[in-house]
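Here is the structure we will look at.
The chains carry the letters A, B, C, D, E and F, assigned in the order they are written, with residues numbered from 1 in each.
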Amino acid sequence: MTPVPLARIMVEPLVRAALLEDLGRAGDLTTDAIVPAGLAARAALVARERGIVAGLDLAKLAFELIDPNIAMQVECEDGAMAAPGGVIARVSGPARGILTAERTALNFLGHLSGIASATASIVAAVRGTKAKIVCTRKTTPGLRAVEKYAVRAGGGASHRFGLDDAILIKDNHIAIAGGIAQALRRARAAAGHLVKIEVEVDNLDQLKEALGEGGDAVLLDNMSFDRLAKAVAIVDGRAMTEASGRVTPESAPALAATGVDLISIGWLTHSAAVLDIGLDFDA
Amino acid sequence: MTPVPLARIMVEPLVRAALLEDLGRAGDLTTDAIVPAGLAARAALVARERGIVAGLDLAKLAFELIDPNIAMQVECEDGAMAAPGGVIARVSGPARGILTAERTALNFLGHLSGIASATASIVAAVRGTKAKIVCTRKTTPGLRAVEKYAVRAGGGASHRFGLDDAILIKDNHIAIAGGIAQALRRARAAAGHLVKIEVEVDNLDQLKEALGEGGDAVLLDNMSFDRLAKAVAIVDGRAMTEASGRVTPESAPALAATGVDLISIGWLTHSAAVLDIGLDFDA
Amino acid sequence: MTPVPLARIMVEPLVRAALLEDLGRAGDLTTDAIVPAGLAARAALVARERGIVAGLDLAKLAFELIDPNIAMQVECEDGAMAAPGGVIARVSGPARGILTAERTALNFLGHLSGIASATASIVAAVRGTKAKIVCTRKTTPGLRAVEKYAVRAGGGASHRFGLDDAILIKDNHIAIAGGIAQALRRARAAAGHLVKIEVEVDNLDQLKEALGEGGDAVLLDNMSFDRLAKAVAIVDGRAMTEASGRVTPESAPALAATGVDLISIGWLTHSAAVLDIGLDFDA
Amino acid sequence: MTPVPLARIMVEPLVRAALLEDLGRAGDLTTDAIVPAGLAARAALVARERGIVAGLDLAKLAFELIDPNIAMQVECEDGAMAAPGGVIARVSGPARGILTAERTALNFLGHLSGIASATASIVAAVRGTKAKIVCTRKTTPGLRAVEKYAVRAGGGASHRFGLDDAILIKDNHIAIAGGIAQALRRARAAAGHLVKIEVEVDNLDQLKEALGEGGDAVLLDNMSFDRLAKAVAIVDGRAMTEASGRVTPESAPALAATGVDLISIGWLTHSAAVLDIGLDFDA
Amino acid sequence: MTPVPLARIMVEPLVRAALLEDLGRAGDLTTDAIVPAGLAARAALVARERGIVAGLDLAKLAFELIDPNIAMQVECEDGAMAAPGGVIARVSGPARGILTAERTALNFLGHLSGIASATASIVAAVRGTKAKIVCTRKTTPGLRAVEKYAVRAGGGASHRFGLDDAILIKDNHIAIAGGIAQALRRARAAAGHLVKIEVEVDNLDQLKEALGEGGDAVLLDNMSFDRLAKAVAIVDGRAMTEASGRVTPESAPALAATGVDLISIGWLTHSAAVLDIGLDFDA
Amino acid sequence: MTPVPLARIMVEPLVRAALLEDLGRAGDLTTDAIVPAGLAARAALVARERGIVAGLDLAKLAFELIDPNIAMQVECEDGAMAAPGGVIARVSGPARGILTAERTALNFLGHLSGIASATASIVAAVRGTKAKIVCTRKTTPGLRAVEKYAVRAGGGASHRFGLDDAILIKDNHIAIAGGIAQALRRARAAAGHLVKIEVEVDNLDQLKEALGEGGDAVLLDNMSFDRLAKAVAIVDGRAMTEASGRVTPESAPALAATGVDLISIGWLTHSAAVLDIGLDFDA
């Protein structure tokens, strides 16, 4: 699924910082010593395993920011499936710049494609159900916007982007407020008219209390599949229902079969392995 | 293994950026709506699974930067093993600030502890051999310094920190130079007297060529265990020997048994799952 | 109305930038030339006209960042009414620092108090109705978070904080989509489950179309009071109703009387005059 | 009056910050959901009321930074008068980018044009006298350079840009120094040879004392028109004379008639209402 | 001569950047490896040669930013003369931090003290004349504010701080304008009332033209001592007179004897050698 | 000697900061007042004295960042010798921009060319010996990367770039460790496999101790030429030998004749005078 690209103004600072982190104070000692200044080269970004690509814009920027004479030609779009050995993009231009930017480009591309691929594996597992796969705020520090983008590339949907774009009442808030009803009332009183409110419930009594106060969504925490199905029946469309946990492609279908609207998964962004992508120079 | 802490000046910008990423333009809507201003609370950072802790300074900074009245008392040091249910640190102070900083603190702590734990699992697997476990430049963009720190916390050692602190001659450099000898000679001519040179070799002929030119270290790429052992014998102490690849705790002992000095592993920094750590409020 | 303060981490960069903008490359030439280094002073921040105070944290930071030996004692909280001649806060410490930080402190305090006061004047005018006063994205570049905070200090509520925390479908979006229904459907398909959707309607037919598609809120643009009242009746609680325009304290009651839920006003943030506040040294 | 444009290097950081403030972590949800990627559009920036335009470079940058394929064609220059309904500039390119950048472009343009227009209204009121209209350091935090530019676009002139480019001795400095003469002597001793010195005087005795010490300019504070005229006569060209206060187009002619060289007005930068400018898509 | 210190807010970013430049991505490898964590130490900043000290605040900040437990006790103030072997300041606290911050602290202190010392050597050479020694805009990129501060510490005075705080008309401006009179008239028309105007003249005819237009100061470029004395006589107090060039302590007295008001010297800031200052650990 | 250029991404922030430092809040008052907007000009960067050029990329960036319509045509490369009166580069485009960027461009070019020229003078003096000239960490704060680049342009080589890319054990480290052997052992235990270790020795006993522990390089501090020669003989190729001090072109040959591998010189970066380069407009 091809997501709407993030504006360059949003991602360029990340790419600059990553390049500078790698260049340090002296640049690419190896390449500068060995590769002649004028040498041109062609190379391909190649998938070493099957997965969903995400982050091509960042990889492209990495090459261009090192040398504007490097051109990167995309062969598949973010959100597309790459097969093992498949060419994702072609790069041509000064050999020095290609080698210098290579690692930064691949670090972004591998990380984001890893997230997209993990997301897609769960999305595929729940196809045919109404369950949407959503990520959480358990993201790598500094990379939230691009990691959420990668989830979209994998076919996932968005949860909160931060503390300030929706209200999510968790167990500690409820304990402090003295109950779900009190917490929801305080939240509603403070919330702007474009702010939705979700509340975490641990059992069916809490669920009914939440529904009584009109929450927009309920997070059904740590419930068995049976309990979840019962909860969904109780809600009966009056709120969005969300289940969370370390879901796998194997466990996802049963979870989705409970009828929940949303399955939120932290590991998509905090623990997905990179997709193995390499750079092969043309012989 | 307790590593020397990074100076606060090096990590504070990361923590500030992560907090601002989460706070957005309006701060913590939920907590601000529900939790009274004056309320104090106590909570514990608790490991949900066994692993090596890393990143306590960053977690502490996250709480302090949100509210200097929050005190975090560390119960174990970076590099120490936490058992499931074990308390890593205690936090006390204004409830609002604790809740607002919680996710950022945990995101750093979980990510870095995950890397430390993965490293430690390999380090443990090769105990008794001379092999050191080292990470690579395949790090998460923006987090290289702290991820390498986490590897040290897990008992691993350092490879290059960037393109500019050592020379690592790879296959593409060799191809461009027209051979290992030429590449090494160009590198030596350009390198400062405090810069070490490592060269990647694919076979034993290349290895001998590299030794002939006096490389400080050789990266033995994609070799079988037998071939590795042979390579180590050929090198015979004239250079450091490094093997690389997606090593697991299971495969590590056999790899170490080849006698290589170093085992470099990219996934420690790019694909280690987080260590599950939570924040529990005192009842 | 005392709003929850913004975290220091969110406002300190603004105050630093403002101080540096004023200090330039040489600092306060006048004060440095005339005021002895050791001289201590006491002064008061005094309202020159009636209004609602906002921005005390930023003023305090301005003094402290210039000299941590300056103490600012707040006499009234953000959101409180100051009478002409009323002391808002007292400042004591090195005279040089007080004079150097004075203008920056007052620029923040006057600007934000001006917004709070303007908001409060409209809020007062609609007291007794259900209408909430909300500001818009028509804010001064760079100051959105603090200007929205000032609106809260004046008793107003929040609209969107940016392009990314809610969907607001305007006339151009509708024209491009080919109608309200199509626009709403596209929005719903793309929106995360915690994202609300508001749509601008120009007439009652559009309003009905919007309600048919289940928008969370409708922005009733450029309608007469009669038409607004009719629109509110048609909506009948199925969505939030918002009227917008350059509302004054005089025109607000009649507008609120139409029964709309929200009155959004751009000028609160882009055109409110400062509240006149001065710094008087103790004799 | 067309002022010399500020270098792009000076204003680009402001525009970037304003765009990022609006885009947040997810960009323009509404436009991304509704507007097709390939759609091109044409639109016009249209004045909704009469006024002086300022800030076209910043508006242009806002569009270009969101998408370099957007072209903005200026129809009138900064400093020119726009009539109600008059087209200020035309924008063409990808519809998505135009919609996303619209608010930021208009926020700059409205704010700066408001300042230019306010300035021009006073400048017009004193035409035929020698009085120059100048702004002060009472500017919106972060925007001083561009607000002072807007004053120039409105025909106004410059006062100090910050604490460090001239000396302005105010009442508190005088009190601390123990008199105008002492303050002026200290200032002169410290001032570089390219630094002018102005001193605030409250009455004619202070004025004579200031003249005796050779100040470059005198700020005649809070004086009646009669007193001002007398002061101007006493000065008799030996220093620049400045009157200050909340001057309106109505009160300005009488103030200028006193013969003062300069009328400084804080509200031009801190309280001028925006000039209403909108973006109309071509049908 | 003790200059007024620059606000910490102005210099802290420079010190942070310098420390991070030295720490890189891994910090102080040597110290971390060798020096025990708990070890305390005492050391002294000692002048290795005679000179004027400047930059103590920056050195202090360097130590404190690395470790707030390091205390630096100043033994002499900026602007004071240090004798060879003289203790400038004492440092005590964690040995690791002292060693890590040492080079950065000394780099600032040596550089700024070098400038102060060079300035003082010229100031001493012209003592008894009315000539003031001033520096120029030929400063080290990024360090203008602190280098100008160091000149003040050495007894020198200020010229322009940048392009925007005074007008200095040079030969190219004159050529473009078509003559000194035209250039001065254009400058006067554009200049704010607190902006002084200086003009460079190459010969006595140009000088007379400049005086006829009322410039505030004249830069007498490349004139012999005789010609300079003649120029000073012609000016006769109607403007400040400035001579420039690569003046040495030996040539300065004769230059000052011409009666010029100002001697501007670029090399004070761009070519002064550092003052040799070292850090000696207490035995 | 033409060094490999630093990536633009590494130097652009320095040039931007330097330009903004000069432009301040109002830009180039003089040029804006006097030079017509449309005027084009041609000018040449001309060496006023003999020396080695370095920093052309930064000068070019200064012009381009002020106005992309300015073209700078390089006439000689970094590392080339410029003769007095020789044209280094030609600049053409809008006269305003050329005048505004002139000082910043020259400040970089003069500073870096001064360092390159100083380096080259020593390199020439030791030609025919094996001694390499290296700079130190005694660099101007903020400019280390470009100053080290300038040393390379002058034919010098690299020492450490910071605290983190090699280990250099100095007297204080040795004292704390309790001897050279202990210090070296601790260093070796902590050092990564690509980190070299150098140790400072004060006498021949220490030297032998260092060799016994296998340091990669020894810094022979404060030794007479005789002692140095003896030390070199003792080392006999087992380690790199480095002598340091304030070496001049006159003293360098004798120092090099001792047979040391490296001569490190702090003043190349901290005290080299600028190379005098000016900008001449075409008549």
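Odds and ends about this structure:
What we mean here is this: a contact is a pair of C-beta atoms (placed from the backbone, for glycine too) under 8 Å apart; a residue touches a chain by one contact, two chains touch by 3 or more.
Computed from a predicted structure; not experimentally measured.
Any chain that touches chain B and also touches chain E is listed here: A, C, D, F. Of all chains, the one whose mean C-alpha position sits at the greatest distance from that of chain A is E. Comparing the residue numbers each copy contributes, chain B and chain C share less than half of them at their mutual interface. Averaged C-alpha coordinates put the centre of chain A at 22 Å from the centre of chain B.
Rounded to a whole number, the gap between the C-alpha centres of chain A and chain C is 33 angstrom. Distance from the chain A centre to the chain D centre is 44 Å, each centre being the mean of its Cα atoms. Looking at chain B, residues 21, 23-27, 32, 100, 144-145, 158, 161-162, 164-166, 168, 195 sit in touch with two or more other chains.
Taken chain by chain, the contacts link every pair, so each chain touches all the others. Per the touch definition, chain B reaches chain D in the complex via residues 21, 24-25. Residues of chain A that touch chain B in their complex: 14-15, 17-18, 21-36, 39, 41, 95, 99-100, 103-104, 106-108, 110-111, 114, 137-145, 161-170, 172-173, 175-177, 183, 186-187, 189-191, 195, 267, 270-274, 281. The touching residues of chain B, counted against chain C in their complex, run 16, 19-20, 23-27, 32, 37, 65-67, 100. Residue ranges on chain E touching chain C, taken from their complex, read 4, 6-7, 9-10, 144-145, 148, 158, 161-162, 165. Within the complex, the chain F residues that touch chain B are 132, 134, 157-161, 164-166, 168, 192-196, 198, 216-217, 240, 242, 261-262.
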